[in-house]
């Protein structure tokens, strides 16, 4: 195939990095030409991640902007604050970018600085960046040069709330998102708090006072709604590796609507959003390793509150899979190229 | 010790049964005289549960009301609908009862019938039964002959909401309880739905349309509040054995209060309710195997919603431990007798 | 593609069944025409297994030999003792068979009867059946009409021991196979023993006195060796869903050999057996969802014992994946068609 | 109680430390006077380990030999190589010591240096130290001033092999110990390798080439046997928090013996070793949180190999519980004081 694009990955040793490799190694239109890691330069990737043995014959390399600039597309799977330092140069040289970190997710420079604790290195690009939620911004993504791949919680929460807000059916000032994430969402860093012995057989909330995904979600919901957004967001650490379950609550403005039909209509052309039949309870495992978001919408007996259940795999639709979906849109591939993956059950 | 009471357990093969045995086998004031199981009569208890080897030298026996009537106290660790058929006879003979199932939890006969799908066998006892939440009904428990041990979710949710409702600080018509339970809460029955291969590495909600603990919680909260209760209750199956994490949301009536102080005052004399310092995120593992409920109260940035985090071990404070606590109160033992157990961490 | 083969699956509700569906639904040369289940006939498959939503639009049907006989290939994912009753008729009508159960794994009728507790329904076919371990019987599989797909433990253990026995380097009378399996190996039946609450956070051996995979392994090893086989086989239930880790011990006949080279040579043309570099410790997760067997061979300090580490996914290389690999060989497809799957890490 | 002993703990922030605290906080004859941690000095212990809230009102302190020297007993729950630097001074001042690390486990200075990679700081004490396996050295422990608490694997393996070796029934040159440990055995350090996302849903061997517990086990078995010991030891990391399952293999010298009786006789007076009935398969969960070792002995069909199954909780009988048992023996307390704990099932 002469028409494969050249792809580079900056920061390949974390969970989003290895997940990108799992997806891209089998993608029909992609050639991976560089995977960088300062700390592991020289080590064959498949030595660190033996699941890739036989599928990827490449070693980690030092980040080198000359090499990266020869790529058609560079994914950043780096900690927050890294991409923004390299992106301007690469864009200038014509390389397109998908940043899986948070550097370009917020449009407001001040808000970014507040939540991420440093000045933004290229605030002038914040407006240019397209927020990579295909279900909202597919048209812009086709021509985007800089894509801000959404956070994991924001993906699950926005896809769950959007139909209600777009239709103006709920009191948008009293939204609640109670979200549960597998531990891989905390990354592959060496931290006591994510050891198996600390997190298995236990459940806890965290970041109740404030979490960086809160402004990102609020920004997305505000764009979808004509009203002010009031959102209480409580994430929980759940004893599993992968998966996000978002349980969303919103006060119904008046009486019952045909919400099932609303959701099915909103997402009927979406390849990766699956509205389940009325009465369903989606399980995170149904999307384990897959790029789907499964949704169910309920109005329990009391009748004044909508409950939306939204599940994704935090590393796929919540990170690397969505990044590949964005790439597919940007380069005119089939949107599900490399993403025809069935959730691993059991 | 001549003053040990004689205790019987009806239905000893489930998880609440074996947990009762774990606690009672080491209780200084209890002699276990009978453990019944129709299906396993004759089998030594420690053969089914080898953790009890060396601590309990008793076999399962057929339920025999003559034997049970010689007990000072009989615990029912049976499926719903069993206790109500035996309790009247035992009460008449002077045996006191703690029912760990739901037969006597609802005061309203019609509501019981609606949720449990059969007629109640002794509705005249519903008024007499004391709801066994010591933090609410300690005085009545001292003299109670029939105690309805609360459900697991209702314990975690009520202890979390009570201070707010008693003080009238929240809009009681828009309460939300998002609850997460370990799989042992579903019991020891042979069901596909609770196999490890079905529930591990996954998260899901269930019973969104209606759950039997909903009327029980609503009843308790109504008694504590002067206002009407509107409650949305969504339970989730969590990939762990033990533990309940209840995340509770309530709209604050007006502005911020000193909720930390409110909670500390409400529970300052409670041996098993621990209000954690402001800003805490209790973990379920901190109460694994222990009878404590740990609480934290937050008001996130937006300022209009209280978030309460409440954790218990569903088999201890949510079942067998609370039953022993009730027994201790009923018989005048130290309230923490047999319950001085530190959560198993890690 | 006009050259897709028609495939049927008998017994589609267990874990090997759903795993076959996951693999076959995306296989480029297969059309699934029937999935039978007596108990679930009429139910859409994707209703029971929502991970298949969007990938498989088929309902369970009653087993109907007329329908099955129109298939080019029928997989049996049934309990032991089922396939043998239907296979003769299907073979006669020209349908080829891969049985994922044990009906045709043992060549000796008496031994089969001893271990499976009933008479064999078609002992005359035992000789005709080809044992579906491609690494041993690839040539015969190409023309086989009846394939006995190996058990999960036998796959991991035989692939680990074969090079040593074929080369005659070890004392074959003192082989030890200490094997650890995820809980999915016990199937999707409703059993107390495989509940999450019974198997999570625990490890145990089982079947030490005798296990049905023992004669199967011994048969395979005997065919590979010129000496008598003495095998101690101890399986263990491990708190995870998928994966088998076989730790194999054999006394070396004399001194150290270049075992690394032996293993690499033996498997160098095998698409699904990966001999890791010297000193490696393969993890089961490196093959989670994938059809690979990863091996490492060690001779610890003492020098008189070889230790082989062999990992597979019990549902893939240990069941459905190997069945698809066998199908690929039988029908002349690329051997890895539908099996280019990278292990899901993390 | 005027006769409580004063106890200090050096290194209280790891898993053996917090487990010691769980056990000692409720011990009737112990007063904990100091818990040291260089890194956390000043922090209340119950802030780091909220399960201890209400049971322990003490803060971590800087290690101070003057304070420690006032203790009757000091436990070292430190990394290897720490205790040996402080022990001589404390012993001189009359403080007795239980070291839970490996500093005093090996009698041979050269071997210690080989395996632990540094010179021993007080080799003259190696002979004086008593190896704290009560089932072997109870008499010496009563008067010991310096106790080397055994490693977790060595406890499970030695208790399993001892009766066979003492009776001379097996070929001691071909012993195999295939051991499986929960992840807490690797400690509470911040390591990628023990993250939940790395270790859950996976099984692997490690240290096949050599593990520090190998010389410790060999030393203990050599003392019990009149023959030379040849031991192959393969540890495995198992996806659970607590528990060790040792599966032990030994060639029987000649024919079947009444091994069940041998084991029952050997351990009949041992409070913490439970020989299960013939045919049993002990589960690690049966000792979760408890100080018991449960054993079962099998001779599978082939008849030439004994299989012993031995389970402990690595943090209790494999560390802190055995340390408390040793303390009880040293100070003449009831041997099970503070250790009457039933395994947490489920």
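In order of appearance the chains are A, B, C and D, and numbering begins at 1 in each one.
Note that in this section a contact is a pair of C-beta atoms (placed from the backbone, for glycine too) under 8 Å apart; a residue touches a chain by one contact, two chains touch by 3 or more.
Being a predicted model, the structure only gives us computed values, none of them experimental.
Counting hops only between chains that touch, chain B reaches chain D in a minimum of 1. Among the remaining chains, the Cα-based centre furthest from that of chain D is the centre of A. Think of chain A turning onto chain D: fitted on CA atoms, that turn is 180 degrees, to the nearest 5. The interface holding more C-beta pairs in contact, when A-C is weighed against B-C, is A-C.
Distance from the chain B centre to the chain C centre is 45 Å, each centre being the mean of its Cα atoms.
Our note on geometry: chain A versus chain B, Cα centroid distance of 39 Å, whole angstroms.
Once the centre of each chain is set as its mean CA position, chain A and chain C turn out to be 36 Å apart. Residues of chain B in contact with two or more other chains: 15, 182, 184, 188, 197-198, 200-201, 239-242, 282-283, 285, 288, 346. Partner chain A is touched in their complex by these residues of chain C: 15, 18, 22, 25-26, 49-55, 184, 188, 200-201, 241-242, 274, 276, 280, 282-283, 285-290, 292, 294, 315, 340, 342-346. Those residues of chain C whose C-beta lies close enough to touch chain D in the complex are 173-174, 176, 178, 180, 182, 197-198, 200-206, 208-210, 214, 230-234, 236, 238-243, 245, 247, 249, 251, 279, 281-285, 288, 298, 300-302, 304-305, 307, 309, 311, 346.
Taken together, the chain A residues at the contact with chain D in this complex read 15, 182-184, 188-192, 194-201, 239-241.
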